[in-house]
Each structure stands twice: as structure tokens, then as C-alpha cells.
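Multiple structures follow.
Shared chain: subunit A. Partners: subunit B in the first complex, subunit C in the second.
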Partner chain A sequence: MIQVSDLYYSYRKDKGFAVNGISFEVNEGEIFGFLGPNGAGKSTTQKILAGLLPVQKGKIRVMDVDVSATTPDFYNKIGVSFENPNLYLKLTGIENLEYFASMYDVPTEDPVHLLDMVGLKDVAKRRAGEYSKGMQQRLVFARSLINKPKVWFLDEPVSGLDPSTSAAIKELIKEKRKEGTTIFLTTHNMHIADELCDRVAFIVSGEISLIDSPRNLKLQHGKKLVEIEYRANGSLKRDSLSLVQNADRQKLNSLLDHEVIETIHSKEATLEEIFIKVTGEELEK
Partner chain B sequence: MRMKRILSVFRIDTINGIRDKMVIYILVAPIIFSFFFRIIAPDFQSLSLLFVTLRDQRTTLESLEKFGSVELASSEAELKERVGRSDDSVAIYKEGESFNLFLQGNESEEIEEVAKIILAGLQSDNMRYLNFKESDQGRFVAPVTVFGFTFVVIISFVLGGMVIGFNIIEEKESGAMRALMVTPIKKSELILGRSILGIIIPLIQTFLAVLILDLPTMDYLKLIIVTIFSSVIGIVVGFLIGVISSSQMSGIANMKISGWLLLMPVILGFILPERLQFIFFWSPTYWSFAVLKDIVNHSINWSSFTIQILWICLTTAILFLLMMSRIKKGLQTYLN
Partner chain C sequence: MRLFTNISKEIILGWRSHFFLLTVTLAVAYFLLMTFLIPEDLSTNTQLILLTENEEIARAIEASDRSSEASLSFVSSRDELYESLNRSFSSIGIIMSGDTASPSFELIFQGHEDTKTRELVKLMVAHLLHGSNNQPISSDNVQYLQRKQDDGLDIPFNKSFLPIFLMFESIMMGMIMVFAMVFSEKSQKTLDAFAVTPGRAWEYLGAKVILLIILGIIFAIILTALAVGLQAKYLQLILIVSIGSFLSTSVSLIAASFYENLSQSMAAMLTLTVIFSLPMLSYYMEGFSPWYLRILPTFPIIFSLKGAVFPNQGSTEISGLILVAVEAVWAFVIAVNLYKLRMRRVRM
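Here is the complex of A and B:
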């Protein structure tokens, strides 16, 4: 559904690349996640895929359309949700949706239904400028569904949302996947990637270091770990140690023998830990 | 090109404008100006005019009777003697094909003004001027009203552009533009839809100015045509300001500069003598001013009207070509 090869992008005429030679493919009907810290180049990639930034170098095909030569019809089939709320603040929630609905040549969703789905039905007639940031974000999210897109781009769809709203949005995303929508999603949150994505790409500094399903990653990298808290020289220390690597096993033994252990429990490796291990970078900086 | 999208852009820009205090101020300004000019315009109606003409000139007599009382003299000598008396009387009579105006020299300025306007009306072939309806009897358009009217109409072009500029700046600041760019709307549809407001606003404000300034009947068709053609420069400047300004503040600063550039030819055009006016020939608003003035004064025929409209088009096109690279460059960053 999406094929990207050797994509580069620089905001500053070749001095430093925000996207530095990435290649990947997104299959029809899957949720493909871009997982990486802030500034990794996720939003930049999404903007290029959606035709908002030019293709400086590389090849991109979305639904077999070359993105550097898009037609209006291309936009009838894609939906784009943005990281930062970008709404007409003087228009009401419903007016925002109606306006965008009027742009399409294909059947569109009922704006009231969309607002209901994201819990904004009660404030449909209030101006978007009066919404909280979270409400604005949900409106942007709802807007991206207005044309029943076949390919759906979501930039940090739940970041900054409270847990219950975030859960509702996640359910919606899963539902759309069931309906066959192909979804490209960016996030710096490993839980999102883990829960939603069929496959994730780890991206740091504009480069992809691996692409795989969260399950495979955990099978490959997810050796049993032990989280241990102990007292040494009067201060509390914390460590995670692998149960299979020799160095870690020896360290664990010596801790058990020589230190005062406060807590100890075994734990699966999380996507975040795998991320740190593979890329050497943390997700939250 | 889809009409649906074009009208939708127009509709949303209108709603956005109505909900913006700044835009409301912008739209109210010309109305206030109109009232101001209405108040400071001398009231020629209150003048009691006394004309003298020759006994055998029936048509002249009939024309003059519409504006005041008329006395008749048998000869030119008697006529001049009559004007020489102490009251403010004015002699207007026909000599061959043209009309003569004879004044004593100590009449009030207003009377002299009116006499000249009537003379101009009689002399021009445009007899409509003298065919006022009953209700328009004795009505003259004072030069200050002509200035006020052209001024108000021309600021409405500039203000129409400003509304466009503000809408663009806001879309840029909120990022809503980016969302629009991932819909099927074409640039041409967006530009067209956005331009409608730049034509409608001047049309409404021109209509209001006619009402408020209580102008006598004029050639409304020509007025509408010149308003539409002249709006284009406002729209072009509005787009330019919109794409080059990064915030409302810089937008306002840019609007001040361009606003003065567009209005200056109108103000100076009124003050400077005819022979110096060529220095404004580059300005579309100068040509709009010239046409509007003539329309109000009932002294323009279709052929010279057409030529002036062509001047408006030509100067607008030249300025547009000069600004095009800036607008294109601005549009690029605006779209990104």
C-alpha cells in the first residue's frame, strides 16, 4: 500500500538530514508504527508521505501513486491527522468538520456521528478555540476520518490525552483496521506501538534501525529480566539484569551474596528496553 | 474545478470574518468615513439660487428652473447689468453651440461652485444630468462629496484585500492550511473562493456609500463594473500580504504600507493639477479614482469608460507580474 525507498529530507539545503535514507513498506490493512523519540523524523516522514513536503530524494508510492505527482483524487482516499491541533478556531466543531467534508468528491462521514465517536457531540456547536487542547486533538483526529480514508496517517494520535480518552481513540483505531484501513502511525510511546501496531520501525535521527512485529521483537530480544533493588553503601540502587547473559547472571549472584536486597522480581523486556538496546537511545528524552 | 469547493471557501471565509473583531472594524471604517463626508459636505440645497438668462432661450430657462428661480433679460447688456447688482445672481446663457457663465466676482464660493457644475452639466452632452427626477431637483454633488465617495470606494478595495490577507495569516498561524492541503481542493479553487470576498466587500461598501452620501442617480452599471475591476488590485495585494506576513502584527504593518501606496494616488490626484497627474499613471487606484469621479459627475461615456477600465486592467496586471514571484514564493512556504 505504501512503498518508500531511500528517502532523504533536509530542511536546510543538505546540511543535516531530518530523514536520512529510509526504506520501508506498509502492507494493505496493517497498522505500521514509527516508534522513536522526539526529533527522530517521524512527523517529517508523514508529511512527505501525505504530500505536504516535497520528495527531495527517494521514491514513494502510496496506493500506487507517485507522491511527488499527486492528483486531487489521491487526497480523496487518504486521511491525515496532525500532531498539533490545526483547526479553524473561530469555527465550531461541527463547522470545522462540515467545511472539510465539503472538500471531497467521495461520500463522507456524518460530522455529528464523528463528533459522537470522539466524545465531542455535546460541544459540537462551541467554537474550536474554546476547546481544551485534548478536545482539539480529538477534533483533528475525527476530521481525518471525514472521507472514510483507505490509507490513514496518524501523527502521535493519543499523546497528551487522558487515559480514558486515549483508550477510546485506540479502540477506534483498531476498529478501522478491522474495516480494512491501512494505517501509518507515529508515536514515541512504546505502549501504543506495542498495543496497536502489527509492525513497528525503530527510528532515531532520521534512520530506521529495524522493522518487525512487537511480538517477534519480544521473542528475539525479550530474554527474562530481573528487576532488583538493593542497598549498597547506605543508598538504594536499582538494576535490571538478564537471566540468560553470563555477565548479568554473575552480577546477580554477587548482589544476592553481598548486598541487602529490598525488592526483586522478574520481568519481560518491554519494547522500550528493546528500543534502547537496539538504538542506544531513549524514547523519552 | 468544483463550484462546491469554491463556494465553501467563500462561505467559511465570510463566517471567519464575521467572527473576527478586527475584520468587523475594517468593514465598519468605510461606513464611518461615508458619514463623515456626508456631514462635512456643504448643503447646496439650502442655497437659494438666482439665475439670469436670455428671454429667447427657452430650453436654458427650463433647465435652470430646476435649480432655482430664473429672471429673464432681453439682451446681453441687460443681463450683465442684472448680475452686477448687489444680490448673488448668476448669468448662464447660450452663445452659439456653447454656454456662457457670467459672474460678478464677489459671489460666495458655493454659488460659484454650483454655477460651474451646472454649466458643466449643460455643456456636456450628457443630458441626463439635467433630467433629474422631481426628487433630485436642485441637487449638486459637491467636490468634497465626490472626493469622499471615491475615497470610500477605493479604501473598500484595500479593505477587501485586508480581509483576505487576515484570513490567510490566520490559516497559516493555526496550521489549518496544512489540513486543507491534504484534501482534494486545488490551489485555483482556493484562490478563487478566497477572492470572492474581495469583490463582494467593495460592492457592498460602494452601495452603502451611495446611500449614506445620498448621491443622486448615476450610471450604476458603470459603477458596478469599475468596482469589480478595481477590486482585483485589492485582492492581489491581500494575497501578497497574507503570504509574506508571518503573524497578524507583521500583517498589520504590511497593510499600512500597501494601504497608503494604494490610497495616495487618490488623495494627491485630487489636489495636484491635471498636468502632474501622470506620475500616478502606474497606479490602478488612480484610474479607478478617475473613473469614479467622472461617474459621479455624470461626465463619462462608454468609450472613455472602456479605455479607463483597460488602464485599470493593465496597471493591475503590471503590478501583479511584479509581485508574482513574491506571491509564488510565499505560497510555497505557506503550503508547507
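Here is the complex of A and C:
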């Protein structure tokens, strides 16, 4: 669905590349996470893919369209949710959606339904300028769905949202994947990526370090350990047992059979730990 | 259809930004300014105050021709003369002495009169004393290279400002408002949101131009109706305001595309305003219309506005307006291409 080959981008048009020779592919119906710290080149890549920045060097095809020569029809098929709310603050929530819906040449979603999905139905007739930042973010998110996009670009979709709204947004993203929408998600939030993405790419200083599924990454980089808390002889005990070594496996089975287990956790590596291990960089700079 | 939706959005935003209220308020304010603060007539009639002890001279002067605009009054003493001079700043004192055979006079000026006025008064006094020895100048002996379409009614001084106000507000108001609108959208980054839709740049910008033309027409109709009533040619006025506003708005869109905020663009905005205002010099000094003023698009506009609001005092130069319309279309095409570049739809 998206093919990127040897892509470079420099804001100063010199050798200081914000995106430095990256290549990747995104399959149809997949959620592809682009992960990296601030300034890594995630948003720049997304802007090039969405046609907001020109292709300086490299090749990009989205839905078999060369992004350096897009037509209005290309924009009928993509949706872009920006990180910062960019709304007409003097228009109401519903007016914002109705205006953008009228820009498309394809059947669009019902604005009221979209507002309902993101929990803004009750404030549909309030001006966007009166919304909180989280509400504005949800309106931008709803706007990006107005044309029922085949390829959906999401830039930090749950940034600044409260946990319940964040959960609702994540459910919506999963629902769209089930409907076959291809989703390109940029974030520095590894929990979101872990929960939503089929595959992730780690990007640091404009270069991709690796691309794989979160499960594979955890299997490759995680420690195969179980942490267990149990009661023995009236006191609480803790142990860390390997899932690979025979002695530890036998001990684990014995504990499960004979002791009172209070907690048990597999000690997988988090995406964040893997990111730091692979790239040597922290995510929150 | 998209153009219509964009226009509707701009009208709602304009309404909520109080652009319509501002336009109506300004039109009424300009009318009040024109009616109550600017005088209808700036000409000052010189009052001659004459002191003479010789009855014969006094009678001769009273009997002489008084076709001049100056009014004449007599006083009987120097004290009374100075008192009268102090009361009226436009008065000039004359003290006559001698007899009718060899009169002599002394003139007392206020001090602010220029050389031309002083010489004119001297001639007037000589004429009062001796009468004109020359043949009177008949209107048949006067030739005008450019005859004014004069129905005998001069434009009152205050109403002569009407074309200027129309030019400033109906046409050039768009320039300032476009800067405000563009920078408001730049700060809200709504252009990025528009750029990822199939909407065209010409529809986006065209809607702004149309909003400002509507505001210009509202201002022009209100102010003109209040100032001259039904005397104006309204269809012509609407056409001129539309063309002028289209041009000024398009030029401003070009200029605004190079800046990120209002303070950065201030110099460009003021420069454009000054350049577009220059033909006003020719409006008040018709003898001063050098080529560099005549080539400005606002030159034919201001004289066409005069022709539209004072049909008996001027005419609309159609060829000049057509040229302005062509320039406006060019400016709009350039603006659209600059915004396309900004939206990164084209390879840079």
C-alpha cells in the first residue's frame, strides 16, 4: 500500500538530512508504527507521504500513486490526523466537519456520527475555540476520518488525551484496521505502538534501525524469565525463574503445584527497553 | 460547489470576526466625518474695511463696480478699524486719504496673506478708486482645453472626499483584512488541513476575495447612499468596487504569502497601501498626473469612482477598468500558484 525507497529530506536543502535514506513498505490493512524520539524524522516522513512536503530525493508510492505527482483524487483516499489541533476556532465542531466534508469528491461520513464516536456530540454546536486541547485533538481525529480514508496517517493520536478518551480512540483505530484501512502511525509512545501496531519501525536521526512486529522484537530481545511471588511457611517469598533452564522450569512447576501463588509475571522486555537497546537512544528527550 | 462552501465558510468567519459590523460602522463613521467635521466650503471671502474722511471718495467707491467676492464695509475711526480687523481674521483694512483727483491709500493686512492675495487686494482697491480702463473679459474670450461636465453645481468640499473614502475602505480595506485573515489561518495551521483535501487553491483564495468584495460593496453602497442619495450610478459603483477590490485583495494575497505573521509583513503592507494611495494626489491636483501615477491601477479606479458617485462631474474610463480587471486576474493567478507551492502540491 505504501512503498518508500531511499528517501531523503533536508529542510535546509543541504547534507543535514532530517530523513536520511530510509526505505520501508506498509502492507494493505496493516497498522505500521513509526517510532522514535522527538526530532527523529517521524513527522517529516509522514508529511512527505501525505504530500505536505515535496519529495526531494527517493521514491514514494502510496496506493500506487507517485506522491511527487499527486492529483486531487489522491487526497480523496487519504486521511491525516495532525498532532497539533489545526481547526477553524470560530467555527463550531459540526461546522468544522461539514466544511471539510464538502471538500471531498467521494461519499463522506455523517459528521454527527463522527462527533458521537469521539464523544463530542453534546458540544457539536460549540465553537472549536471553546474546546479544551483534548477535545480539539479528538475533533482533528474525527476530521481525518470524514472521507472514509483507505490510508490513514495518524500523528501522536492519543497525545494529551485522558485514559478513557485514549482507550476510545485506540478502539476506533482497531475498528478501522478491521475494516481494512491501512494505518501509518507516528508516535513516541511505545505502549500505544505495542498495543496497536502490526509492525513497527524504529527511527533515530532520520535513519531506520529496524523494522519488525512488536511480538518478534520482544521474543528476540526479551529475557525469558518469570517473576513469581508465593507464600511458603507463612511468609511471602519472591523468585525469578528462567523459562529455558531445566532446573528453573522444574522449580516453577513445583511452586505451582505445592505453594500458594500470589502473583506471577512473565518478564518480557518492553518496546521501550528494546528501543533503547537497539538504538542507544532514549525515547523521551 | 466547493467554491460556494468556501465562500460560506469565509462569510461565517467574517461575521464572527465582526468584519460586517466593522464595515457598516466605518461607513456610518465616514459619513458623520464628512457631514459634521469637514466643511462644505473652504473658500474664505475677504472682507474689506474702509476708513475715509472724504465723503466724495466714499460715494465714488460705493458707486463703483462690486463684482468681486470681497465685501466692503465702512468705519469712521482708526480705533473702529482695528477693532473690526481683530474681530475677523480674513479682513483687510484700507485707509483712504486725499481727494478724488489724487487719492492715496494705506493697506492694513492681517499678516497671513500671501503675495498673490496682497497684489489682488491692491488691484481691487485701484479698481474701486479708478474703475477698470481695460475691456472686461467676456466668457467668449476664454478657452478651456478640458471642459468640465459642469451642470453649474460644484461638488461640496466635504463630499469631494467620497471617492477617496471609497478608495480607502471599499478597495484598500481588503488589503489589510486579507493580511489579517491569512495570518490568522497561518497561526491556526488550517492551510495544512486544507492541503490534504482535494480542495483547490483557487477555490480557497477565491472565497476570500469574494468575501472582501462583498464587504467593499456594502461599505460603498451605505456611504454613497448616505452622502449623495440616488444621484450615484450604483451598478457602475458596484462594478468598480468589485474590480478594485479583486485587484487589491489578490496583490495582498501575493504579499502575505511571503510572511509568517502580521508584524513581519507590516513594512510590505504599508508600502503597498502608500503606493496604491498615490493617485489620490492627482485626484486633488488634476494638473499633477505624471506617468508613474497614471500607470498605477488605482489611478483609473479613483477617477471612475468619482464618475460613478458624481455622474455630472466625471466619467468612468472603461478601457482603464478593463486593464485593471486583467491585472487583477494576473495577480490572482500568481497568488494561487504561490499558495500551491506553499501547500507543497508542486515539486519545489
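The rule is short, and it goes like this: the second predicted complex is superposed on the first by the 241 of 285 C-alpha atoms of A that agree within 3 Å, B and C clash if a C-alpha of one lies under 4 Å from a C-alpha of the other, contacts with A are read in each partner's own complex, and residues count from 1 in each chain.
Basically, contacts are C-beta pairs under 8 Å (C-beta built on N, C-alpha and C of every residue); 3 or more make two chains touch, one makes a residue touch a chain.
All of these numbers come straight from a predicted model, not from anything done at the bench.
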Fit or clash - subunit C, subunit B, common subunit A: clash
First, second, both or neither for A:115, with subunit B first and subunit C second: neither
Subunit B versus subunit C as contact partner of A:143, first or second or both or neither: both
Partner chain in contact with A:84 - subunit B first, subunit C second, else both or neither: both
First, second, both or neither for A:55, with subunit B first and subunit C second: second
Touching partner for A:94 - first (subunit B), second (subunit C), both, neither: neither
Subunit B versus subunit C as contact partner of A:76, first or second or both or neither: both
When the two complexes are fitted on chain A, the stretch of subunit B hitting subunit C, from 57-65, 93-101, 129-137 or 255-263: 255-263
Doubly contacted subunit A residues - partners subunit C and subunit B: 50-53, 72-73, 75-76, 78, 80, 82, 84, 86-91, 95, 99-100, 102-105, 127, 140, 143, 147
Touching residues (chain side subunit C, partner subunit A) in the complex: 1-2, 5, 9, 12-13, 16-17, 188-190, 192-200, 343-348
Touching residues (chain side subunit A, partner subunit C) in the complex: 50-55, 68, 70, 72-73, 75-76, 78-80, 82, 84, 86-91, 95, 99-100, 102-105, 127, 140, 143, 147
Touch list for subunit B against partner subunit A, complex: 2, 4-5, 8, 12, 15-16, 19-20, 171, 174-186, 335-336
For the subunit A and subunit B complex, residues of the former touching the latter: 50-53, 72-73, 75-76, 78, 80, 82, 84-91, 95, 99-100, 102-105, 127, 140, 143, 147
